[in-house]
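We just call them A, B, C and D in the order they show up, numbering each chain from 1.
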Amino acid sequence: MCRWLGYFGDPIRLDELVYNTEHSLLEQSRAARLTTHLMNADGFGVGWYGTSGTPGVYRNVLPAWNDRNLRELCAQIQSPLFLAHVRASTGTPVQQTNCHPFRHGSWIFVHNGFIEGYELLRRELVLAIDPELFAQVEGTTDSEVMFFLALTFGLADEPLTALERMAGFVEATGARHGVEHALQMTIGASDGERLYAVRYASGGVEANSLFVSNDASDVRQLYPENERLGHLSDEARAVVSEPLSDLPGIWREVPSSSALIVQPGADEELPFSPREPS
Amino acid sequence: MCRWLGYFGDPIRLDELVYNTEHSLLEQSRAARLTTHLMNADGFGVGWYGTSGTPGVYRNVLPAWNDRNLRELCAQIQSPLFLAHVRASTGTPVQQTNCHPFRHGSWIFVHNGFIEGYELLRRELVLAIDPELFAQVEGTTDSEVMFFLALTFGLADEPLTALERMAGFVEATGARHGVEHALQMTIGASDGERLYAVRYASGGVEANSLFVSNDASDVRQLYPENERLGHLSDEARAVVSEPLSDLPGIWREVPSSSALIVQPGADEELPFSPREPS
Amino acid sequence: MCRWLGYFGDPIRLDELVYNTEHSLLEQSRAARLTTHLMNADGFGVGWYGTSGTPGVYRNVLPAWNDRNLRELCAQIQSPLFLAHVRASTGTPVQQTNCHPFRHGSWIFVHNGFIEGYELLRRELVLAIDPELFAQVEGTTDSEVMFFLALTFGLADEPLTALERMAGFVEATGARHGVEHALQMTIGASDGERLYAVRYASGGVEANSLFVSNDASDVRQLYPENERLGHLSDEARAVVSEPLSDLPGIWREVPSSSALIVQPGADEELPFSPREPS
Amino acid sequence: MCRWLGYFGDPIRLDELVYNTEHSLLEQSRAARLTTHLMNADGFGVGWYGTSGTPGVYRNVLPAWNDRNLRELCAQIQSPLFLAHVRASTGTPVQQTNCHPFRHGSWIFVHNGFIEGYELLRRELVLAIDPELFAQVEGTTDSEVMFFLALTFGLADEPLTALERMAGFVEATGARHGVEHALQMTIGASDGERLYAVRYASGGVEANSLFVSNDASDVRQLYPENERLGHLSDEARAVVSEPLSDLPGIWREVPSSSALIVQPGADEELPFSPREPS
């Protein structure tokens, strides 16, 4: 069970969300509240869009709270769109190439969850990755394979459809091997233009939690003296595994089997239904 | 709040105590039971006496459960006398030179606790270290300074007296700077011949927990079918921050303000009273 | 261009060969003499057979000379059969799972060289790995794939034949993709009973250097006052990428396209000819 | 023998100088040309001034060329003033707190060289550090002690005078212990306003090399088609241990026993004479 957060809005310093909130991602990594896992000490990463064309990615295997460089970067870097992730390994090695976000071109990708029976399914899943992309798989996690399958199935052109195909393919592969409920996931992904978030679990199982912040303008009316909220632009949105604060009225749960597109203008919330890749 | 264990007896593989018990040190590092700290993820170390004259020391900054090399070593190395430690930093950097055990010549040393107001006292404590030893201080922890002060005050010749002098000096230095209860500690130390363990806290404060295993022969009578216990020699003794199992009758609490000498023949338990170095 | 050494004989401390020789593996990792690469600073590893059934493996990503734990282990561990390796990456990530030796069951494996056009061939090579073994591939190097292909082709039953099949399969795969000289390699492998060493390069290209020490008894006659040589048992043999000393008469070059079996009784040297797997 | 570079001018991406030049700092770290040391593989660091008040610092113990995060950061971060350093340890541990730059408040500091007989002088030097600053010494290098001595002697108010006092104090301390030529150094330091560079060695010994780039406007006239040079502002200046390119007319050697102040308006070059602290 990992944890992650995504941000879309006017540029803010990364530490505003990664460190400086009541239940920041750093604090969450030390002590779970909504989940049963005790902590996320098996590496972390942050991916952000900046001035250059390609997003930057910083990943490391230490517990996030022990990485001084992470604190430095989060205090220096401003970004209008970023994803941060703290990892709790479900068995694959703790190494940089297994840390999220994964990146390909302008895309970055984080995942919380697992593929049930991954050891059994891994070979078949890996074989389905586009041979052109195959050589770029660097790690050994189910999460990275999910990302490369989504890329294979058209992530760049139809992001949500590609994610539905990936989910459908993983479930079908599971079914062929007798794995009933193959997928447990929340996903965060971005191409630098939009932030995509998905919450889903196979077979109607309760999916890992996912929350999105309400309209900054509404939230400011609730808490007119809150300085941090005063800074946020109206469009600003955070998507998180677990709320970053206990303030009522700020966080809304994203329903299971649904996808969220955070973007300029009105955001969208859509049903998420796995489908077999064509 | 760190955790440690010491073993003295017939040679056993390190993993017998570090990994393969109900509440092994590895498991303890993930989830505290007797203490309030959540975990010990800020590095670890093991020191052992083997065939060569000098004890071996293996230390690393990862959470112990993420270090594959530790598992390899503990599965290969047998030793009649070793100390293992998992660290929860009280503020000093997470780096190899701050991991326990510390070593000097044939001595190794682990500590669970802290010097209250260490930032304030550090300079004066460091200055009291024998200038001949000063250049060998490699880290920045209070624990390493306590070790080098003990060495300065005669650890090699009168181990327990030197530890009492160290404690007395730290308390006196604290008093000069307005720190009332300067010391909170359990200590494990060895010269390869004996295992010394101390439990103490300044001013009658409750000291961190410390336990010692009962006579292996008695324990075997309690659990005649227990294979692991069947292997242990009569002299075998484990000293631990927290019991490695819930079996009743195996562990005895070491009283506060006392010291234990585990050695060939009868062990000794003595009062521990800080004294000013002469 | 990596470097490695293997030892077979009476138990010696690992540091005898890894550290304490004129041109030890550690010194070689800092400054090449026979090769053009400047150094081997991209990780290292050592695998050894000890008292337990499974060989121990210690690997890390630091330059070998900066790893204090390596020095500790090599000073404590004695073994009758071990392989040590210092890595110079040919492009794959510097991570523990890409460090040699690789291990499977009782086998350990090191490699110096590369598969030409590996990015192009990787997918096809990986697909040929026995599906039962596939989930145990943890890294992304050509070397690990070579090991798992050899396991797939029968390493446990017919070691040299399996290595020839692996080489033949890699060359055939290369040929299908227009890679003319696919293999450059020296290999060291062991099952704990024998030490296998191979020197080979595709197409008659000069293979990476490989040397074996002469009979300890002969060598002692050459250098009767040499203490180190005096310690060695008659059967003791070292196989190395580059000689560990400049003493004339100690080292003999292993010819290209040949394999060496170091074992109790007379060693064997055989031609090495890649063959297509049946 | 370490290597470093400093930049002052219009904001540029860090990788322009750290990676993308003929003899970039990265390339220099792999293969020395002007010095006898083979490489700088014992850690690295970069400190930069950005939008926030405090400079950012990123340091790590890997060889610089194996750190993917460094490449990411240098591709994302733009700065008008930064210092980068690759380390070759002269004996102190390879750990993050021993990597340059060192930082205190708005100051960052890098050093190439050593204090002769540091083991002998260390205690006395450390004791001379302002007790208020003492607790902030985190590592064990001579370089960090030099920085804290300069801070103690007034770096914030009279930078060059403070550096002269530091040098004078180190030499006097050396003299008291029979060390004739105590200092070998080039130093780079900044408060975010100016870039200070010093080249000095005790007793007229040849000091480590130091170069500064000529006026960007003059250089552009020499190489009118060079795109990189076309980008640079007229004020832009690089100070380096070794030239980043072989182009004639770009680099000027900084004389021994001299100090350079790179700043808005005309730069200054002054004699550097160690003096006893008052």
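As a working rule, contacts are C-beta pairs under 8 Å (C-beta built on N, C-alpha and C of every residue); 3 or more make two chains touch, one makes a residue touch a chain.
Just so we're clear, the structure is a prediction, and the values are computed from it rather than from any experiment.
J.: Same residues or different residues: which describes how subunit B and subunit C meet, taking over half shared numbers as same?
T.: same
J.: Which angle of rotation, from 0 to 180°, maps the CA atoms of subunit A onto the equivalent atoms of subunit D, to the nearest 5?
T.: So the copies are related by a turn of 180 degrees.
J.: So, what's the distance in Å between the C-alpha centres of subunit D and subunit B?
T.: Roughly 41 Å, centre to centre.
J.: Which subunit A residues reach two or more other chains?
T.: Within subunit A, residues 68, 93, 96 contact more than one other chain.
J.: Quick one: which bits of subunit D touch subunit C in the complex? Just the residue numbers, please.
T.: 30-31, 38-39, 41-42, 61-63, 66, 68, 89, 93-94
J.: Under the touch definition given earlier, write down the residues of subunit A that touch subunit D in their complex.
T.: These residues of subunit A touch subunit D: 13, 48, 50-52, 54, 56-60, 68-69, 72-73, 75-78, 96.
J.: Quick one: in the complex, what on subunit B touches subunit D?
T.: So the residues of subunit B touching subunit D come out as 93, 95-97, 119-120, 122-123, 126-127, 131, 134-135, 137-140.
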